[in-house]
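Notes follow once the structure below has been shown.
So that you can tell them apart, the chains are marked A, B, C and D in the order they are listed, and the count of residues begins at 1 in each.
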Amino acid sequence: MGTEVEQGTTIDAERLAAIRADFPILAAEPAGVPLVYLDSGATSQQPRQVLDAEWAFRTGRNAAVHRGAHTLAGLATDDYEAARERIARFVGARPERLSWAMNATDALNEVGLSLAEANRAPAVDPRLRIGPGDEILITEAEHHANLLPWQRLADETGATLRWIAVDDDGVWTEADALAAITGRTRLIAIAHVSNVTGLVAPVEAIVAAARAHGALVVLDACQSVPHRPVDLDALGVDAAAFSGHKMLGPGGIGVLYLRAELGDALPPARVGGSMITTVTMTERDFLPAPQRFEAGTQPVSAIVGLAAAVDYLEGVGMAAIDAHELALGRRLAEGVTAIDGVRLVGPRPGAERAGVASVIVDGVHAHDVGQVLDAQGIAVRVGHHCAQPLHRRLGVAATTRASAYLYTTEGEVDRFLDVLAGVRDYFGAR
Amino acid sequence: MSDPLAGLYQELILEHAKRREGEGLIEPYDAERFLKNPTCGDEIRLRVRLEDGRIAALGWEGQGCSISQASASVLAEEAPGLAVADARVRIEALRELLRSRGAAEPDEQLLGDAVAFAGVARFPMRVKCAMLAWVALEEALLEAEAR
Amino acid sequence: MGTEVEQGTTIDAERLAAIRADFPILAAEPAGVPLVYLDSGATSQQPRQVLDAEWAFRTGRNAAVHRGAHTLAGLATDDYEAARERIARFVGARPERLSWAMNATDALNEVGLSLAEANRAPAVDPRLRIGPGDEILITEAEHHANLLPWQRLADETGATLRWIAVDDDGVWTEADALAAITGRTRLIAIAHVSNVTGLVAPVEAIVAAARAHGALVVLDACQSVPHRPVDLDALGVDAAAFSGHKMLGPGGIGVLYLRAELGDALPPARVGGSMITTVTMTERDFLPAPQRFEAGTQPVSAIVGLAAAVDYLEGVGMAAIDAHELALGRRLAEGVTAIDGVRLVGPRPGAERAGVASVIVDGVHAHDVGQVLDAQGIAVRVGHHCAQPLHRRLGVAATTRASAYLYTTEGEVDRFLDVLAGVRDYFGAR
Amino acid sequence: MSDPLAGLYQELILEHAKRREGEGLIEPYDAERFLKNPTCGDEIRLRVRLEDGRIAALGWEGQGCSISQASASVLAEEAPGLAVADARVRIEALRELLRSRGAAEPDEQLLGDAVAFAGVARFPMRVKCAMLAWVALEEALLEAEAR
C-alpha cells in the first residue's frame, strides 16, 4: 500500500487527511463546489491503490483462470486464488467458503434459488427442507435484496414468510427476534446493519436461537463487513452476502459465504463452464464449493481489486474505522435531533448506530431536501433506499440519508447538519 | 451566497406546490391514470373528463416533491378548456423543453405558467418529477379516446 | 480514442502495429520470452483506452445509478445509460433490449431460470410454455454455458432435450438443423460461432424455421459479437448473450439481449432493489425491461469500460476485424493440416471458419502440447474448452486451441505452427 | 536453443509415460478409486490390494498427459511391497516437494524414481497431473483400511 497508515484504534486528523488524499474523487467538484460525499451506504469511493492493483493485473497478468495451462493463465489463477484467501481472511472465513456473485443481491438470490431448487427435488436434504407449515423469518426493515428472494422462496415452497415488526422509529430488539424464532422457523434472513436506520442486529443471539431450533441463518452483511470487524466463521451463520462496491472495491463483485455443509448440499443456481466435473448431453456433475458456484468466467480483475481494498481497510484497521464511524453516527444523530422539524429514523441518540442517519423533514419532500443539499455539494441519498415496507411503516415515501465511511470528516457531517437546518426555511415549511 | 437553485425553485413553483390547484378526484370522469416514479416514490392519480373534444375537467391526487406537485397544480390550472390536440402539443412542448438540458428556449406563448419549469431542464434527475402529471394526462387522453 | 485507426476493410501492417501498441500486456514476457497470445477465445486483452475510460469514471463520476438524486449520481447515471446505448448500437439492438449479467453464462442461465419459473406459474404465457412433449433443441457442439441451462430446463419442465449431432470433424450443417426443427420444437439454443471448431451457424435459416414453428431462438453470441458485425434486431433472435471480457472489455460484465415481447413476459430470475415499482412485505411488482433484469447495484465501471471497448472495435471496423481474422483462420487451418500427425477439428480448410483452430496431436496429450508451446511464449488453451460432449464425440478428452483476435499477427500464427510441427518429435511420438 | 522444459520432461518421465508400468485393473482388490482432473480431463482408475499392512498389488487405467501417466507408472513400480504407513509418508513427501514451487530439496532416498518429478514444482499448473495417481492411492488406502 502506498500510504503509510498504521493500524490503530482511531483515525486522527493527520491520518484522515492521508486517507482522503488516496481517493481522487474526493477532490472532484461535480456540482461546482467541493464534494461532500455522504452516500457511501449506496456505494463507496475507491482509493488509487485499488485502481493500481487492477491496472497491474489487467496489463500484466490477465488471462482465463482455472482453464488455461499457459504461464499467463497460471499468474492470473495465482492472483485469483490469493485474492480469495485475502478476502476470506478479512471476514474470518475459510477460503473455500467464499464464492463470487455479481453483487450482494445476486448472492442472496443464489441462496434463495438454490433452496427452491433443492426443495423441488424428490429427495430433499433434510437440512434444506422448507415447506408448508414452515416459516421463513425476516424483519420489516430489510433491504429489498434481502426481502424479495425470501418472498419468492416462501411462495414457491408453500412456507410462510414472517417478519419481526419495527416500532415507530424503525427499530426492533433482540427480544422481538427471540420471540419470533420458534420450532417452525426454518430460515432466518436479516441485515447485520440496517442501511436505513443504522441498527445493529444481535446476530449472536439470533444464531444461538436458530441453532436451538435447527434453522438456517442468512446474514445480509452489506453494511457490516465494510465498516466493522466481522468474523463470519465465528458468528456461525450459514450463509452471508456482501458487495465489493460498498467497501472501497470495484462494482461487479459480490461475495457469497456458505458454510461447508450448505456449500456442498446446495444445487448451484447458475450452471455452465468451470463448475463441473463430467458433462454429457443429458447429465452434469458439479465440483464441490466454491467452484460449484462459479459458473463461467469470473470478474477476476474486480476480485483482485477487492483484495486490494481489503488490504487498504486493514491497513487503516477495522477497529479504528468502526470507532471513527460510530463517532460520526453519534454526531449525526445528535445533530439531527437538535434541528427543529427534523425527525431522526432509527436508534435514538445514545443507542448504538452505525455511521448513518436517515431523516424526515416536516413539510418538505426528501427529493427537495436532497436538492438543496446537492446545491451545496453535499451528496446524500433520498428515496426509500430499497426498503419500501420500512418507509411505509414510518409513514413516508422517502427519507433523506447521510452515510459516512472512513474518509468522512466531522466537518462534512457539520456541513450537512448546517444546510439541513435551513431546508424548512427555504421551502417556507413552518 | 447566490442561490444555485433559484432557477429550479421559482416562486411560482413553490407557490403552486402549496396551493395544489385542482386537487381532488372529479366525478364523473372519462379516464383515470395512476403513475408512480419508483426512484423517489412520487405518485399521482389523475382523472379527466372530455366534452366535445375538449378537456372539461381535470382533478388529481398525489404525493411527491415540490416539483411534481407544483407541476400537477399548474397543469390543473391550465388544462381545462383546451382542445385535446392542443393539450398534446403543450405536453410535447414541455417534454422537449425539459429534456433539452437547458439548450432550448421556452415558448411562453404556448406553455403559459409551465415556463416556470424551464429551470428543471438543467436538473435532468428532476425531469421525471416535472413530467409526472403531464404524462398521466397524456395517457389518460389516449385512454379516454380509445373508449 | 487515442490511436488514430480508421475504419477500413482490412488491417494492414502499420495499423496492426498501432493496435498492438495499445495493448500493454502484449509487450509482457510472462514466460521469459515474448508473449504470443493465442487464447483470445477464452478471454481477450484490453487496450489502454478501456482502462482509461474506467479510470476516468471511477475517479470522477462514480456513484450509485438510478438511485441517487445528487449531481454525482446524475453523472454516473448518464454514463451508464450512454454506455447501454453505445453497446446496443454496436449489436444493432434497441437499448432497452439490453440488460446486464455477470457473464454470458449468467445471462443464459437467467433465460433458463426465468423460463422455468414462468412454466411453474399456474397461467403460463403461451409464448413461453414448454412442457412434456415439447422439445428444446441445441447442438452437440455447445459450450457448457449453452448446454447445462437447457438440460436443467428440460428436466424441470418435462420437455425433451434434443440435439443436432456433429460429424467426425465436429461439424453440423444447415440441413441438419432444418431437419431437427419441427412442430414440437419450442426453443432453439445455439452458438453463433463455435468456440472449439470456429463453425459459423446458419442463424438466418434457423430463425426462419423457428418462426415457422413458433419456437424461440436463443443465440450464444460469445464468439460472434467480438469478432464480426452482428445485428441482433435484424437477425430476429429472441434472446442472445455475450461477454465483455471476450471483446476487449473488462471481466464481470455479460450482456443479455431480449426481444421486447420476451423481456416484458419473463419473470426476472434475480430479484431485489432497483428493479421494482411497489414492494410490500408479501408482494412485489417489477419494472419493465431492461431494469426488470437489473437487480442490485450493476457493474457500472465495467459497463463504461465495455462501451469504450466497443468504441475501439468500431474505430478499427468490425468488417476489417472479421476479414483479418478469417484470413488468420485460413492460415491456421491450412498450416495445421500440413503438419504430419496433427488433426484439425472443425470445418476443412476452404470452408468458412472463424479465427480459431483446435487440433489433436497424435500420440501427445494436449496438456503436453500446450506446455511445449508455452515454453516458447505461445499461450494457447488446452482442454475440453467447456465442450465435453463435443470432445467425447471427437474421441479425445482434450484438444489444443489457438484463437486469434484483431491484434494477432500472421507471424504469431506462423510461430505457433512452427512449434506445433516439432511437438511430436519432442515426445518421440512417431 | 536450450530446452526450457528439460527440468519438467525428464528422460525417465518420458520413458515411463510410454512404458505405463502396472497398467491394468488387478483382481482381486481391496479398494478402487476413480479420480478426474476437470480442467484437462485427465482420469485415473486405480486398484490396490493389501496384505499384512503392505501393498501387495497395484494396478491402474487412465488417460492424460505424459506427467500424469508417467507418475502413475512410477507409482505402480514403487508401491508394491511398501508398508501402508510408508506409502503415506512418500505420498506426503511428493506432495510437499511439488507444492514447494522449486524451493524444497527432494529426498532421493525416500522418493526413489519419483524425484524425477521434482521439476514439476516449477510448473504449478502441472502439480495436479503429477499427483493424480498418488492421491488416488492415498484415498484407496483410506478406503481399504475402513473396510
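As a convention for this text, a residue touches a chain if its C-beta (ideal position, glycine included) is under 8 Å from a C-beta of that chain, and two chains touch if they have at least 3 such contacts.
Computed from a predicted structure; not experimentally measured.
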A-D or C-D - the one linked by more C-beta pairs in contact: C-D
Separation of chain A from chain B, taking each centre as the mean of its C-alpha atoms, in whole Å: 38
Distance from chain D to chain A - Cα centre to Cα centre, in angstrom: 45
Distance between chain centroids, defined by C-alpha means - chain A, chain C (Å): 31
Touching two or more other chains - residue numbers and ranges from chain C: 67, 69, 73, 276, 278, 367, 371, 382-383, 388
For chain B, residues contacting two or more additional chains: 39-40, 126
Chain contact topology (line, ring, star, complete or other): other
Touching pairs among all chains present in the structure: A-B, A-C, A-D, B-C, C-D
Parts of chain D lying in touch with chain A, wherever the complex brings them together: 36, 38-40, 124-126
Partner chain D, residues of chain C touching it in the complex: 32, 364-368, 371-372, 375, 382-384, 388, 391, 397-398, 426-428
Residues of chain C that touch chain A when the two form their complex: 24-25, 28, 30-31, 35, 37, 39, 42-43, 45-46, 48, 51, 55, 58-64, 67-73, 75, 101-106, 108-109, 113, 120, 140, 143-145, 147-149, 151-152, 156, 161, 163, 243, 245, 250-254, 269-274, 276, 278-284, 295-302, 367, 370-371, 373-374, 378-383, 386, 388-389, 392
Residue ranges of chain D in contact with chain C within the complex: 3-5, 8-9, 14, 17-18, 39-43, 63-67, 69, 123, 126, 129
Of all residues in chain C, those that touch chain B in their complex: 66-67, 69, 73-74, 77-78, 276-278, 287
